[in-house]
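Below are structures written as structure tokens.
Shared chain: chain A. Partners: chain B in the first complex, chain C in the second.
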Partner chain A sequence: MLKATNLRAEYGSLVAVNDVDLEIETGEFATIVGPSGCGKTTLLRMLAGHQEPTSGTVELGGEDVTYTEPQNRPTSLVFQSWALFPHMTVRENIEFPMRNKGVEVGDRVEELLEQVRLDPDIHADKQATELSGGQKQRVALARSLAYDPDILLLDEPLASLDYVLRKRLQRELADLNEELGMTFIYVTHSLESALLMSDKLFVLQDGDIIQTGSPEEIYRRPSTKFIAEFMGDANVFSLDDAVERGDGYEVKSSQFAQTTTVPYHYDADPEYLVVRYDDSSIGSELTEDLGLEVTVTNVLVRGNTVLVECDAPESDGEYVAEIPIDEFRDTDVEKGDAAYLQWDASKSILVPE
Partner chain B sequence: MSTDTATRLGDRLGSGVWYGYVALVALFLMTPLVSLVIASFYDGRFFSIVDYEFTFGWYEAALTSGSIRSALTNTLYISIPVTILSTIIGTAAAIAYTRYDFPYREQFKLFALLPIFFPLILLGLGMSMWSSQIDLGYGIVPSIIGELVWISPIVMFVVSITALGIDPNIEEAAKDLGADTVTLYRKVLLPLISDGVVSGAIFAFVLSWNNYYIVSYLSGPQSTITTWIHGRMTQGFTPVVPAVASLIFYVSILLVVGAAVLEYRAADDE
Partner chain C sequence: MDSLRTRVDTVAEGDNPLGRLLTPPGILLVPMSVLLLCMFVGPMLAIVVFSFQTGNSIALNPLEWSIATYEEVIGGMVTGSGVYGDVLVNTVAVSITTTAFTLVVSYPAAYALAHKITRYKLVFLMILIIPLFTSVNIRVFGWALFLVQNGVLESIVNLFGVREYASLMYMRSTIILGTTYIYLPFMLFPIYLSMLSIEETTLEAAKDLGASRTTLFRRILLPLSKPGIIIGSLFVFVLSLGANVEAEILGGGSIFTMASNIQYSFGYSQNWPLGSTQAVALLLITVVAGIVILRTIDLQEIASRGE
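Right, the complex of A and B next:
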């Protein structure tokens, strides 16, 4: 188990990581997600030992490793730039950590290459510089696995790959995590990767962990407006009035006419009502519980669904509904038409500021 | 179609002008050196291109002359230690500058490279005065020390170019994979900068080999090839001088071509 307590990093007067606490169980696929500059890479570098924290501790399996050199830490970091040794072959790159640890090499290079789905007969004796981006990525992964770490740290290593390859490698990483039972800590600004691969998510904003949970929990119950927006594809309405009613709140907004009661789980008073794009629909009549009048400004086809972009003239808001393409055809709504953006009351999510 | 032809013609004309220009520059740079080489093979006391006769005689005279031999030996006694020491100092400084982060790093670079931009004749004069002040005297050792001040920064510059091209995460990756400092240098950093170090060493040797200003102030009674040539030019010219000068030139050009090949090979690897 990895445990960080009050971990803090300052650069001069700038606080990059602000007294962060986190716990990651052995074998978990944990993702630290946040926008650029939120301190996630600094946090990862402190876990890897490449940066000393200003204060706080890192414990690995009960042992304090806060000031342990990276050489002596059972962690291995896969860099964003991969950092393969360009003067070595693929085999030499992968043998490097094994020789440093003094373990028998044997058939390990072949095994590891197969594990990352590269054919050893073709690739083992190539120069590292001769590989494509995706292949370099796989070799960097194999090299880190060759170190046999307890925890594999990944610093957005898929960011520079194309979409299809990135998707495939994401799935392979998740499989590998399960297969090896090794703890993976992945750092990314891309929510898509975070949702797809992780058991546990840490959302980082300005050096603070603002929410921890399973991807499902965070997607369904974002704890702030920032997370709701960061998790993406959501319409956000500010509330004018919120009154506690049993398990939830009765809320009113000038942006839609109806009053509704929504369950709520946080201490701070709710400030916003959030509806996911794919929970919203569009129609010429108001048929759902909640809705507002809008003008359709754009219709974008996204495979099986369409994104209907709307303007609400009264509140100055821009909203989107994502609906199946057939359903949209049945509505007879077209670009430029007045219509209702609407949703089932149970799909509403309340969040504090 | 017609614009196509026009462009192609323009291109050809453009590249014709370009190659002509390059050829002229090359001619301008090479003429003095080529004249020197031609003169060194001329059989006669005062050079004339009209009735040219070829001989190896002056080279033979150069290689058998005692004073030239001792000048050559002195030059090597200076150049070889300078090459070794300046390569070590320059490489260490380049690694510090390019691969480590420390306060006043940019100022360190400016300060370290300063001697390159200082006029050599003044550098030599200053060193000469200082050398007598601290009782270092004049001879081989003061010359070595003097040349190191000027050549080490140049090696640093040459090695830095190679070292800056290496992935900034490479040391961290190596440490992360269990490499101690010795392994990091032996297996990763030094192999990656080796081409730059060899180029730097070649530069160091050539610059020391050709150096006149610093040794002229510091070598004292010991004459080197360059001070020998200068002495002969000012008092008692003999046709051996072009032959000796050409010999210096042959060694330099060979090494410079070697360095260029190394650079080229490194660029090809990318």
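Right, the complex of A and C next:
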């Protein structure tokens, strides 16, 4: 188990990581997600030992490793740039950590290359610089696994790969995590990677962890407007008034055509109502619990669904409904028409600022 | 029109090498080639021609050719005896020691500047570069004033009550002091640049994968900074072979190197064939040394890859 307590990193007067606490169970695939500059890489580097925290502690399996050098930590970091040794072959790169640990090499290089789905006969004796991006990524992963760490740390190693390859490697990483029972800590700014692979998510904003939970919890119940927006594909409405009614709140906004009661889970007063694109629908009549009048400005086809982009009269925001293509054809709504953007009250997510 | 232009181009290019030289990419090299031909190849040929003239002349006599100067110079160097034996030993000793000293001093500094030091780095680099704006003569005379009898060092030493000051001038080690100081930047900068090209993450990855400090140095830092070491050593070694100001001023006529002896032959003794022969010999030594430096390090690299 990895446990960080009050971990803090300052660069001069800038606080990059602000007294963060986190706990990650053995074998878990944990993802630290946040926008660029939120301190996630600094946090990871402190866990790997490449950066000393200003204050706070890191414990691994009950042992304090806050100031242990990276050489002596049972962690291995897969760098964003992969950091293969350019003067060595693939084999030499992978043997490097084994030789440092004094482990018998034997057939391990071949095994590891197969584990990351590279053909040893073709790739083992290539120079590291001769590989493509995806292959370098796989070799970097194999090299870190060769170190046999308790915890594998990954610093957005997929960020520079193309979409298809990234998808495939994401799935492979998740499989590998299950297969090896090794703890993986992944750092990313991409929501998509975070949702797909992780058991547990930490959302980081300006050096603070603002929400922890499973991907589904965070997707369905974001605790702030920032998270709701960061998780993406959501319409955000500012509320004029919200009155507590039993289990939920009765929400009022001059934009909405009616008022409804919506469930709510947090202490702070709700100030925004969030609804995901794919929970929204569009129609010439108002049939759902909540809705507002809009003008359709654009219709974009995205595979099986269409994105209907709308402008609301008293607002400068743009709202989107993502609906199945057939359903949209049935509505007879076209670009330029006035229509209702609407959704089921239970799909509404209330969040504080 | 287009087809006409193509035809003209093909004719101009043709298969004729001169024609190819005078069309766009080649023609860009012409001024440089002419310059090199006049200023490097020409004088070089003149030196070679003069080296086969009879001794003690400064005029070219097309009827008299001789290898007497070669017998004298090469003979002396091979047997290690006489003036030329001493001169060769001095020259090689100065060059090797200078290369070794500058390497030992520069390597850690280059590593620190490229990877560790961020504050005052520019200041430090400027301190290293600024002396290069000053003439070598001035800097070497500075050292002479510092070391000479009744000089700065003696006054300082006297202040501490030492009365017997043995001059530190006119020794082989004085010349080495001068060359080490003058050629230090030529070792430091190539190594610094090759250190800069090593990614910080490469070093971090090595540590992350359990490399000890010695492993990090031997298997990562050394092989990756090797190009800088080769280029720096080549620079310093070759420049030290030809270092004549240092030898003349700090050696002061009691220690001769090949470079200062060549100048002596051309100038003071007016024996151009003898000077030319030594110049040819120095050139050959330089070329051989260059090849050896490049080769040895290449072989080492292959050896370390095989382990």
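Observations on the structure shown:
Methods note: the second predicted complex is superposed on the first by the 353 of 353 C-alpha atoms of A that agree within 3 Å, B and C clash if a C-alpha of one lies under 4 Å from a C-alpha of the other, contacts with A are read in each partner's own complex, and residues count from 1 in each chain.
We adopt the following convention: a residue touches a chain if its C-beta (ideal position, glycine included) is under 8 Å from a C-beta of that chain, and two chains touch if they have at least 3 such contacts.
Model, not experiment: these values are computed from the prediction.
In the three-chain model built by superposing on chain A, chain B clashes with chain C.
When both complexes are overlaid on chain A, the residue A:K101 reaches chain B and chain C alike. Of the two partner chains placed by superposition, chain B and chain C are both touched by A:P86. In the superposition on chain A, A:R143 makes contact with both chain B and chain C. Contacts of A:T129 after superposition: chain B is touched, whereas chain C is not reached. When the two complexes are laid over each other on chain A, chain A has residues 48-50, 69-71, 75-77, 79, 81, 83-87, 96-97, 100-101, 143-144, 146-147 in contact with both chain B and chain C. Residues 167-170, 172-180, 183, 187-188, 191-192, 269-270 of chain B touch chain A in their complex. Across the complex, chain A meets chain C through its residues 48-50, 69-72, 75-77, 79, 81, 83-87, 96-97, 100-101, 143-144, 146-147. Across the interface of their complex, chain A is touched by residues 199, 201-202, 204-212, 215, 219-220, 223-224 of chain C. Contacts from chain A toward chain B in the complex involve residues 48-50, 69-71, 75-77, 79, 81, 83-87, 96-97, 100-101, 129, 143-144, 146-147.
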